[in-house]
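The same subunit A turns up in both complexes below, where it pairs with subunit B and then with subunit C.
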Partner chain A sequence: MSVELFFQYIVAGITYGIIYAIVAIGFNIIYNTTGIINFAQGEFVMLGSMIAISLTPYMPLLLAIILAVIITMLIGALIEILFIRWLDSPSVLRMIIITIGLSILIREVALAIWGENVRALPYFTGNEVSSISFGGVHISPQVLWVIGVCTVMVLILQAFFKFTMVGRQMRACAANREAARLCGINAKNMVTLSFMLSAGIGAVAGCVVSPITYSQYNMGTGLAIKGFTVAILGGLGNSMAAVVAGLLLGTIESFSIWIMPTAYKDAISISILLLILFLRPGGLFGSKEEMTLKEF
Partner chain B sequence: MRGRYLHITLLSIFVVAVQVITQITDTTYYLTQLTMAAYYSLVILGLTLLMGYAGQISLGHAGFFAIGGYTSAVLTTYNLIPYKEKAIVKVMASMGMLQMREDLYGGQILNLHPWIAFLLAIAITVAVAYVIGIPVLKLKGHYLAMATLGFGIIIYRIVLGTPLFGEADGISDVPAFGLLPGIEVSGDMSMRIQNYYIAWVIVIVAVLLLLNLIDSRVGRALRAIHGAEDAADAMGVNTAEYKLKTFILSAVFAATAGVFLTHFNGGIGPSEASVMKSVRYVAIVAAGGMASIWGALTMAAVLNFLSLRGYFGSYDDAVFGAILIVIMLFAPEGILRLPVMKNIQRLLRFKPSEGSDGAS
Partner chain C sequence: MLRLRNVEAGYGRLKVLHKVSIHVDPGEIVTIIGANGAGKTTLLKTIAGLLKPRSGEILFKKQPIAGCPAERIVFSGCALVPEGRQVFSTMTVRENLLLGAYVRYKRRQKSLVDRELERIYETFPRLKEREGQLAGTLSGGEQQMLAIARALMSGPELIMMDEPSMGLAPLVVKEIFKIISQLRDEGKTVLLVEQNAKAALSVADRGYVLETGRIVLQGPSEDLLENRDVQRAYLGRDLDSEIRL
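Then we have the complex of A and B:
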């Protein structure tokens, strides 16, 4: 394998990896405030990109994306208000089944609206053949957009959770819901907000990656599985670790094409998921002590 | 005890009545879907034991169905003619493990007898369920759901990407399964009534088996695990072993259904292994009330029949998604345990399965 090809694989790995990381962070945000794994997380990514694609003929690209993200956030909030908010301490099994049902319904609605066609947003700059060369490694400008936007988004999220009042309130709910409520935080609104946030970042990721990977009504399931793998790999609830894990999984997947048929690509990442669940359910970065405290 | 056999008798009478009615009204074509619905019910009965009684979710049961169906399909369609001089093939032939038939063009096909293929399929299922079950069942909640989902997707990917399994086309021309001389599982029109009874007899036997199991020491242990696993463990219930055995048993149910339905349909395709199928099984178990053999059987027969007859049109998946949400939001105990249904039952003075113990 030439050095150029090697770096080409690395770049592809990072591009996919950072998208997986964003989906994983979406899982983590909701998991932290509710203890729920939202199986419909991948559908937010699909919705974001599909809505943006539908809007682009009528307005500039940037406006279409912003509107799409806002609409997806509202859908996220609506889902939480309609299906989750009023349930009185539901069991985990019940929540798993409800969110799976939601993911199917969203997918079927998307199928009814957009059909089975594969669509894509236009490239943000240049087109599918334009590339920037770094010492023999050719990179599409869209790849830089993906990496750039996602990195900025992760940093903004970190700052949001660290420095803003609302962000701190959400973390308080994650740490101890009862105590947070006693301090006057409206825990239920925080849950709605967490659904909006993870819908929003999913939609952004869906938009930036759409020119490269294309969008289809059923793209969500695969992304959700990969995102969950990454979330587990980094340790459920730990967003910064999810970024590292995402890049790791993306790179492994990218190199797996080199040695195995593409048809088995998904099987690779799922095998990694199973392995990590069996061997270290606390994640690569979870400490031994932490693992004994948590229930898996 | 008496109630249980009364219910089984009623079910048997109902099965016969349906056949007679289709005969009288000249609608015997319904029997095809009713037969298929019976085999799918078998998967759901097994899953009810696992989910409802042992409290372990599985989002990968279509995988076990596919393992059964595909193993049987491959073994009974793989032509051994080119190898017929090989010693092992000769030995198998002399032991009656092979059967000779002709294809559409009169060419000779020598393949494994469906009974042998069936037994091998079950053996493989047990082995896979055992190997997967040990690590998977240590997990709980989301982790268990995702791990079983992952297992299902891996099976789907393997089936879809392997030439031996026919990739996207699946396997067709699967021969009939001669259970006994004169009794065979096949999709042949003239065999329709016979096959309807074969399928439902299997279901009735399965129900009887499960009801007895649930009322036994094993059943009580499972309910204890469902209620509070740590407490059950502390009381001396070997929770890991019970969970694993239940997992394997429910996998065997799914694989058996896979084998029979593949022979009945004359083929199997990758959609049988898809995640949506697994989710559908879970939806039906939930609609039946999780821990209710009779509820699960009713819902399985009705919903599968409607779906197979195409009443849901292109909204098939959406219907099952909606069922999941609506049931879990408004009737987590299942449709048959809604207050409305209770009142209806009281009015009819019909008292099936009160409480959470299933029928007794």
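Then we have the complex of A and C:
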């Protein structure tokens, strides 16, 4: 393998990996405040990009994306208020069934609205053939957009949880819900907020990646599996580890094309997921005890 | 300040509290003592709003609060230091305290928060030293101090504490009880739940004895300390063997 090809694979790995990481962080945010795995997480990514695509004919790209993210966040809030909020300490199984049901529901609604057509947002800068060359490695500018936007988003998210009062409130609910209520924090609103945040970052990821991967009503399922694998790989609830795990999975997938047919690409993440669940259910970086200490 | 009339509460089909009536006047330290499983924690959770009473009346500053959610009750000036400390273990000491002051943030009294933080650090110098440390890595005694400090950050008029001496060394227990009487001197009202009856009664003005969800005895602390039943059951004096001698 030539050095250029090697770096080409690395860049592709990072691009997909960071998207997986964002989906995984979406899982983590909701998991941390509620203990729920929201299997409709991938659908937020789909909704974000599909809504933005539908809006682009009527407004500038940036405005369409912002609006799409806001709409997706509102949908996230609505889902929480309609289907989750009124449940009084539901069982894990019931929550899994509810969120899987929600993902199917959202997908069917999307199919009814947008059909089966494959669509895409336009490239943010340049087009599909433009590329920037770094010493023989050709990178599409959109790849830089994906990596840049997602990195900034992760950093902002970290700062939000660490330095703002609302972020602290959400972490307090994750650490100890009852104690948070005793401080006067409305835990239910924090849960709604965590759904909005997860939906929002998923939508942003969906928009930046859409020009490269294209969007379709059912794109969420695959992303949810990859994101879930990454979340488990990094240790459920741990967002920084999710970034590392995401990049790892993305790179492994990217190099796998080199040694086996592309069709097996998706099988890799499922295999990793099963392996991790069998061998290290606390994740690569976590121990079982740390699982009980939830942190964003 | 606080008045309960015939309060009944429980979990699911299990009824834990049976017609409990107590009252706490402003500036008092009142203690509730009772054995394991008597329902002390259930009683405090019911007052704090974590548990809805089945029936009965709870008045705080003459306002009915029975059935109000916990987050509303803190805002009215009634704070609970929960059993087992329940600090936010993944957050720093300072963050724990700031969250305790959430009530003040919400009321846009940010300047008060800083002043209160100063005061708290004066009372608990150990917490200032450990400001940036994760609360989960504090010792048991320090965590208890933090839990009390966090509740104080909301500026409560009534502070309820659920077994603050649990699992702590005698010296630390002494320190905590000193702080409790200091709180009364500052004009706060304290409702103290304890299994350590001797220590609790020595600092309290009045006490109630809770047995299997019922108030079976009440009175000034001195009277309870003298009471033979209390001595037998909670102060560990074996009267029967003393008589035999």
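Methods note: the second predicted complex is superposed on the first by the 288 of 296 C-alpha atoms of A that agree within 3 Å, B and C clash if a C-alpha of one lies under 4 Å from a C-alpha of the other, contacts with A are read in each partner's own complex, and residues count from 1 in each chain.
Basically, a contact is a pair of C-beta atoms (placed from the backbone, for glycine too) under 8 Å apart; a residue touches a chain by one contact, two chains touch by 3 or more.
Just so we're clear, the structure is a prediction, and the values are computed from it rather than from any experiment.
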Identify the partner contact of A:Leu105: answer first if only subunit B is touched, second if only subunit C is, both if each is, neither if none is. first
Tell me the contact category for A:Thr221 with respect to subunit B and subunit C: first, second, both or neither. first
Per the contact definition in the header, classify A:Leu67: touching subunit B only (first), subunit C only (second), both, or neither. neither
State whether A:Ala179 touches subunit B only (first), subunit C only (second), both chains, or neither. second
In the superposed arrangement, which partner chain does A:Gln169 touch: subunit B (first), subunit C (second), both, or neither? second
Looking at A:Tyr264, would you say it contacts subunit B, subunit C, both, or neither? Reply first, second, both or neither. first
Considering only touches as defined above, state whether A:Leu93 meets subunit B (first), subunit C (second), both or neither. first
Count the residues of subunit A touched by subunit B and by subunit C, then name the partner with the higher count. B
Does subunit B (first) or subunit C (second) touch A:Leu78, or do both, or does neither? neither
Of the residues on subunit A, which ones does subunit B touch that subunit C also touches? 295
So in the complex, the part of subunit B that touches subunit A is made up of which residues? 55, 57, 59, 135-136, 138-143, 145-147, 149-151, 153-154, 157-158, 160-161, 275-276, 279, 282-283, 286, 315, 317-318, 320-325, 328-329, 332
Subunit C contacts subunit A in the complex at 48, 50, 69-71, 74-75, 79-80, 82, 86-91, 95, 98-100, 102-103, 105-106, 136, 150-151, 154
In the complex of these two chains, what residues of subunit A are touching subunit C? 165, 168-169, 171-172, 174-176, 178-187, 293-295
Which residues, counting only subunit A, touch subunit B once they are in their complex? 37, 83, 87, 92-94, 96-98, 100-105, 107-109, 221, 225, 228, 232, 261, 263-264, 266-267, 270-271, 273-274, 277-278, 281, 295-296
